[in-house]
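In this document, chain identifiers A, B, C, D, E and F correspond to the written order of the chains, with residue numbering beginning at 1 in each.
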Amino acid sequence: MKIFQILFLFTFFSVISHASVNDFCVADVKAPNTYSGYPCKPVAKITSDDFVFHGLVAAKTNNSFKIGVTSATVTNFPALNGLGISAMRVDMDEGGLSPMHTHPDATELGIVVQGEFTAGFLTPTSFYSKVLKAGDVFVVPKGMLHFAINSGKGKAIGYVSFSSENPTIHTLDSLLFANKLPSDLVAKTTLLDLEQVKKLKARFGGSG
Amino acid sequence: MKIFQILFLFTFFSVISHASVNDFCVADVKAPNTYSGYPCKPVAKITSDDFVFHGLVAAKTNNSFKIGVTSATVTNFPALNGLGISAMRVDMDEGGLSPMHTHPDATELGIVVQGEFTAGFLTPTSFYSKVLKAGDVFVVPKGMLHFAINSGKGKAIGYVSFSSENPTIHTLDSLLFANKLPSDLVAKTTLLDLEQVKKLKARFGGSG
Amino acid sequence: MKIFQILFLFTFFSVISHASVNDFCVADVKAPNTYSGYPCKPVAKITSDDFVFHGLVAAKTNNSFKIGVTSATVTNFPALNGLGISAMRVDMDEGGLSPMHTHPDATELGIVVQGEFTAGFLTPTSFYSKVLKAGDVFVVPKGMLHFAINSGKGKAIGYVSFSSENPTIHTLDSLLFANKLPSDLVAKTTLLDLEQVKKLKARFGGSG
Amino acid sequence: MKIFQILFLFTFFSVISHASVNDFCVADVKAPNTYSGYPCKPVAKITSDDFVFHGLVAAKTNNSFKIGVTSATVTNFPALNGLGISAMRVDMDEGGLSPMHTHPDATELGIVVQGEFTAGFLTPTSFYSKVLKAGDVFVVPKGMLHFAINSGKGKAIGYVSFSSENPTIHTLDSLLFANKLPSDLVAKTTLLDLEQVKKLKARFGGSG
Amino acid sequence: MKIFQILFLFTFFSVISHASVNDFCVADVKAPNTYSGYPCKPVAKITSDDFVFHGLVAAKTNNSFKIGVTSATVTNFPALNGLGISAMRVDMDEGGLSPMHTHPDATELGIVVQGEFTAGFLTPTSFYSKVLKAGDVFVVPKGMLHFAINSGKGKAIGYVSFSSENPTIHTLDSLLFANKLPSDLVAKTTLLDLEQVKKLKARFGGSG
Amino acid sequence: MKIFQILFLFTFFSVISHASVNDFCVADVKAPNTYSGYPCKPVAKITSDDFVFHGLVAAKTNNSFKIGVTSATVTNFPALNGLGISAMRVDMDEGGLSPMHTHPDATELGIVVQGEFTAGFLTPTSFYSKVLKAGDVFVVPKGMLHFAINSGKGKAIGYVSFSSENPTIHTLDSLLFANKLPSDLVAKTTLLDLEQVKKLKARFGGSG
C-alpha cells in the first residue's frame, strides 16, 4: 500500500509544503522591521533550536535598584515574531524595586515564585495594589503606570509574561530625566520643582 | 416596470435589511460595556441626529493650567462605538499647558489652528519635540508620555484626533499624586524626594 | 551615586534600546509596501521633524467643485505608518461640494470650523444627513457612500480625520466615468441611461 | 486502569469544560448585537444542527435583474458568529446581472460553477474585469465597487464567499435612488442629470 | 467645462493615485514573507489577470483516500494576500474520505454541491457531526480537528472556503507518522500502542 | 492654590472618569459571553483583589499521566478578560507527561523552572523538539500539536503562558476517544486499527 501512498502524498499533501511557512514566522532580525513585526527566516533554515531560548536565569542585582532582569523577547528569541507573547525573569534583593514604568503596548502578567512583592498600577482616579506571595499572579493591563517592590525578607523572584513579543519598558525616570529635554520644560509640564528635576537629571544622566 | 421591481426588492434586497446593523453600531451606553465596545442601539431607533455631535467649541480656561478641553468620544457621541476614532478641541491661554500624560491605547494626531504650541513626547532613550504653528500636524504614537505648552503670544487652539473611540487620559500628576498611594511608596518608586511628593499630593488632592 | 547608576543603566536598561523600535515605525516609503503598512525607517535616522507635517492649510478651490483638499496621510507624513490615523483639511467656496464617494477602509470624522455644510451618508434602506455648523462633528462609518455640500453663505472649512493612515478616496464619478470600462456595461450595471453615461465619461476623461 | 483515569479526568481535564465555550460562539441572534458580533448561545444548547445550514440552492430569478441570490450569513446561520466567513449562491439567467454594489467590510471570492460571467471592480484610476468560465475564481477586495453579468449563453451559476460573517450589500441604485434624499441633492453630488435621478427614483421606489 | 475639470483632477484627485495601493496588495510571492503576509507587487504591474485564478476543477482521486483537492490560496493566487479568504474544491469518489486534520488558523466553510458527505469536528467534551447533502453548508471553527467522508452513492463534490488566504492543513497522520519523531515517544504521548505507531509510520513514510 | 485646583479638576479631569472603564474590563463571568470576551464588571465594584489570582501552585500529580496543572485563565481570574494573556503551572513527576494536544487559538510559551522536559511540536512536514533544562524557554506557535515529557530525574516544574486569556486544551485522546463518535468512523478517518480505537475509547470513557 505504500506505493499508492506515495502517489497520494504527491497530489494531496502538496498543498502543505507551500503553505507551512505561515504556521510560524521566525524573525529575520537583520531585515528591516515593520509595524507588525519582522520578515520571516526561510523555513528551510529553521531548526528545533529556533524555538528554544537559553538563559532565563537570575541576572545580577548589583545596581542601585537591587533588581536583575533577564528577558526573552523577539530581539533575542526570534521565534516569538508575530506570536504576541514574551517573558522575563525578575530578581530583586531585599529592599529592591522596579521603579514606576509603563509598557505602552503590552499587558504584563506576573507570577511570584519566591519572596514577597508589593505591586500596583495607577489610574487617573484610583490605584490597585497588593502584597503578593509565592503562587500569586498579578496582572497589569497594557499601558498602565506600575511598580513593584520587594516588600519581604530576602530575595524575591518572579516570572513575567507580556502580551507582545516586543514589549518596551518606559521607566518614568528615564523618560523624564535621562535625556536633554530642558529642565524648566520638564518642571513646568510635571509640576515638579525645578531643583527636583535637576537633581534627578544629574542622577539619570540627562542634561538641559 | 415598478411592479416587477417591488417583487425583486422583496427577494433580492431582503438580504440587506437583516444585515445592515453591522455597517455601524451606535452604542447603547446604558448597556454593560465590553472590552471591544458597547452593544448596539436598535437600528430602528437610529436617526441622523445620532451621527452628529454638537459643541466641539472652546471650553473655559480659568484653571491653573489655562487649558480648556472639549471632547467628542463614545461616551457623549455614541455613534463612534467600534469605529476607532474620536476628537477633542484644545484651547490654551498664553502661558497655558497640557501637563505630561499618556493615552494608553490611542495614537493622538494634533492639528494646530491658531497660535503656537510646543509639543513633544518622550522615549526611554530620546525625546521628540517641535514648535508648531497654524497648519502643522503633530503625531504622538500610542502610549507615549507627552506634553504641550502654549509657547507663543495669545491664545493657541488645536484639534486633536485619537485612534480610539474611547481614549483615556492618564495625566502623570493625577496618577502619582491624586490618590491614596502612600507618599513614601511614591517617592521610593519614582526617586522623587518625599517632600516633593507630599507637596504635590497636597496640590492634587491625594493623601497617604 | 552616579557611578552605581551607570552600572545599573547598563544592566537594566539594555532591554530598552533593543526594543524601542516598536513604539513607532516611521515608514520607509521607498521600500515595498505590505498589506499592513511600510517597513520602518531605522530608529537612528528618526528626528523630531519626522513627527510633524507642515502645511495642512487651505488648498486652492478654483475647480468645478469649488473644493480644496489638503491631506496628511502616510504617503506624505510617514510617521503615521501603522498608527491608524490621518487628517485632511477641506475648504469649500460658497456653492462648493464634495461629490459622492467612499473610503473603503476608513471611518471619517469631520469637524466643522467655519460656515455650514450639509453632509450625509447612504445605506441600502435609508440615509443619514444633517446641516452642520461650526463646532459640529459628523461621523461617516467606514465604507459608506457619502457627500458634503457647502449649504451656507461664504466659505466653509472643516478638518477631517480618518481611522486609517492611508485612506483612499473612491469618488463615484471617477469610478464610473474616468476609465475605459465600456459605456454600455456601465449603463447596464448602474441602470443609468447610456447617454448619461457617455456625457459623464466625456466630462471625467473616460472612454469606451 | 479506568479508575485512575476517571480521577485524572477530574483534576486535569476540568480546565477544558470551563474554557470550551470560546472555540466557537454560536450567536444568540435575539440578544443585542455588538460591533464585533452577537453574544453566544449557551454551550449546553448547541447541537450538531447549529453547524449546518440547509438550502444554499438556486433562488428564483423572476425579477428585472434575472438574478437569484441565496445567502448563509450569521443572521440565518448563527454558527458563523465571530468566524469571519459566510457564503452565497448566485444564479443568473441569460442576460441577467448583478448591478454595481459594494460590500463595505468584506472581501468577496467568487467561484464559477456553470456558464460565463463577466465580473469586474473599479478603482479611482483603473478597473479590473475578466470573462470567467467554470473553474475560475475571482476576488473583489473589500469595499470595491463591482458588478457581474451573465455574458454567456444559458444560465450562469456561482458560489461566493465573504471574509465576514455578516456582509452587507450596498447596491448603488438602492443607495442613490431608493430613499428620500432630495433628487436635486443626488443630482448635484453625483453630477447625474436631474431627470436621470428622478427616473431612477421612480423605478427604485425613492422619492424627494 | 472639461478644461476646468482637468485642473480639478490635478489638485483634487492627486490624493488618490498615491493612496490606491492599499485597496489591495497583490503578493510579490518571491519577496520574503512576513507573519501578516507578503510585500505588495507594484500597482503599475497589476492587471485584471491578477484577480482571477483558473482551474478550481476536479483533481485526480486515484489515491488511497479517493480524494482530489484543488486549492486557490495566496501561494498560487497572490491577489488574496491580506484579504483573509481562500478556496478549495474537494472531490471524493464513493468510499472516499478526508482524514482527521486541523487548519490551525482558519475557519472552514464547506458547501455541498453533489452527493453526500458526513462531516464532523471534535471538541474535548463532545463532537458535532452531520450527514450533508447538496445545498447544505457546514462550518468548522478554526483549529478544530475534523473529518469528512463520502457517505453516499457515487461521487461527492464540495467547495470549501477558508477565513485565511493561506490556510495550512495539518493531517493527523502526517503530524504523527510522516516524520522522524521516535515511535516510542509518539506511542507514549498519544497512548497508542507502539506497534500501531510503527505500522502507520511505515505507511506514511515516517521513521524513528 | 488648592481651590483653583479643585475647579480645574472639575473641568479638565471630567474627561477621565467617563472614559476610564476601557483601560481594563474585568469580566462579569455570569453575563453571556461573546466571541471577543465577557461584558465588563462595573468599575465601581472593582478592587485591587480583582487583579490578583491566588494559588498558582503545584497541583496533585496522582493520575496516570503524573501531571498536575493549575491554571489562571479568564474563567477563574476575570481581570484577564480582553487582555490576551493567561498562565498555568505544570508539575510532572518523574516519568510524567503531557499528552499530545493543541491550543486552537493560543501560542504557548513555557519556562522551565526545575528538572528536565523534552517538549516538541509537529508540522505536516517536520517536527521541532528539544531537551529543556531550568532557565530554558520554549515556544509552541498557536494551533500546533505538541507534547512534553519529564525526561529527567525527579520532578519537573514549569510555568506556561498563553497568548489568550481563555486558551482551550484539545488533548488528542479526548478528542478521539472520550466521546460517542462511532469507533469505525474514528478508525477510518485516522487510519488507526479498529481495535486500537476501541481500546482507547474504553480507557478514555468514550463509546460508540
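Some points to look at:
Going forward, a residue touches a chain if its C-beta (ideal position, glycine included) is under 8 Å from a C-beta of that chain, and two chains touch if they have at least 3 such contacts.
Keep in mind the model is a prediction, meaning the values are calculated, not measured.
Common neighbours of subunit A and subunit F, by the contact definition above: B, E. Farthest from subunit C in terms of Cα centroid separation is F. Repeated interface, listed pairs C-E, B-C or B-D, reference A-F: B-C, with more than half of the contact pairs matching by residue number. Averaging C-alpha coordinates per chain places the centre of subunit E 27 Å away from that of subunit F.
Taking each chain's centre as the mean of its C-alpha atoms, subunit D lies 35 Å from subunit F. Counting partner chains per residue, subunit A has residues 13, 16, 20, 23, 34, 36, 104-105, 120, 123-125, 129, 141-144, 168-169, 171, 174, 203 touching two or more of them. Screening every pair of chains for touch gives A-B, A-C, A-E, A-F, B-C, B-D, B-F, C-D, C-E, D-E, D-F, E-F. Across the complex, subunit C is touched by residues 32-36, 59-60, 62-65, 67-69, 71, 73, 75-76, 104-105, 164, 166-169, 171, 174, 202-205 of subunit A. Interface of subunit D with subunit C (complex): residues 97-100, 102, 104-105, 118, 120, 122-127, 129, 141-145, 147, 149, 168-176, 178-181, 185, 188-193, 196, 199-200, 203.
Across the complex, subunit B is touched by residues 1-2, 4-9, 11-13, 15-16, 18-23, 25, 28, 31, 34, 36-40, 42, 81-82 of subunit F.
Against subunit E, the residues of subunit D that register as touching in their complex are 13, 16-17, 20, 23-24, 46-57, 72, 77, 79-80, 83-87, 89, 107, 109, 111, 113, 120-121, 123-125, 128-130, 132, 134-144, 159, 161-163.
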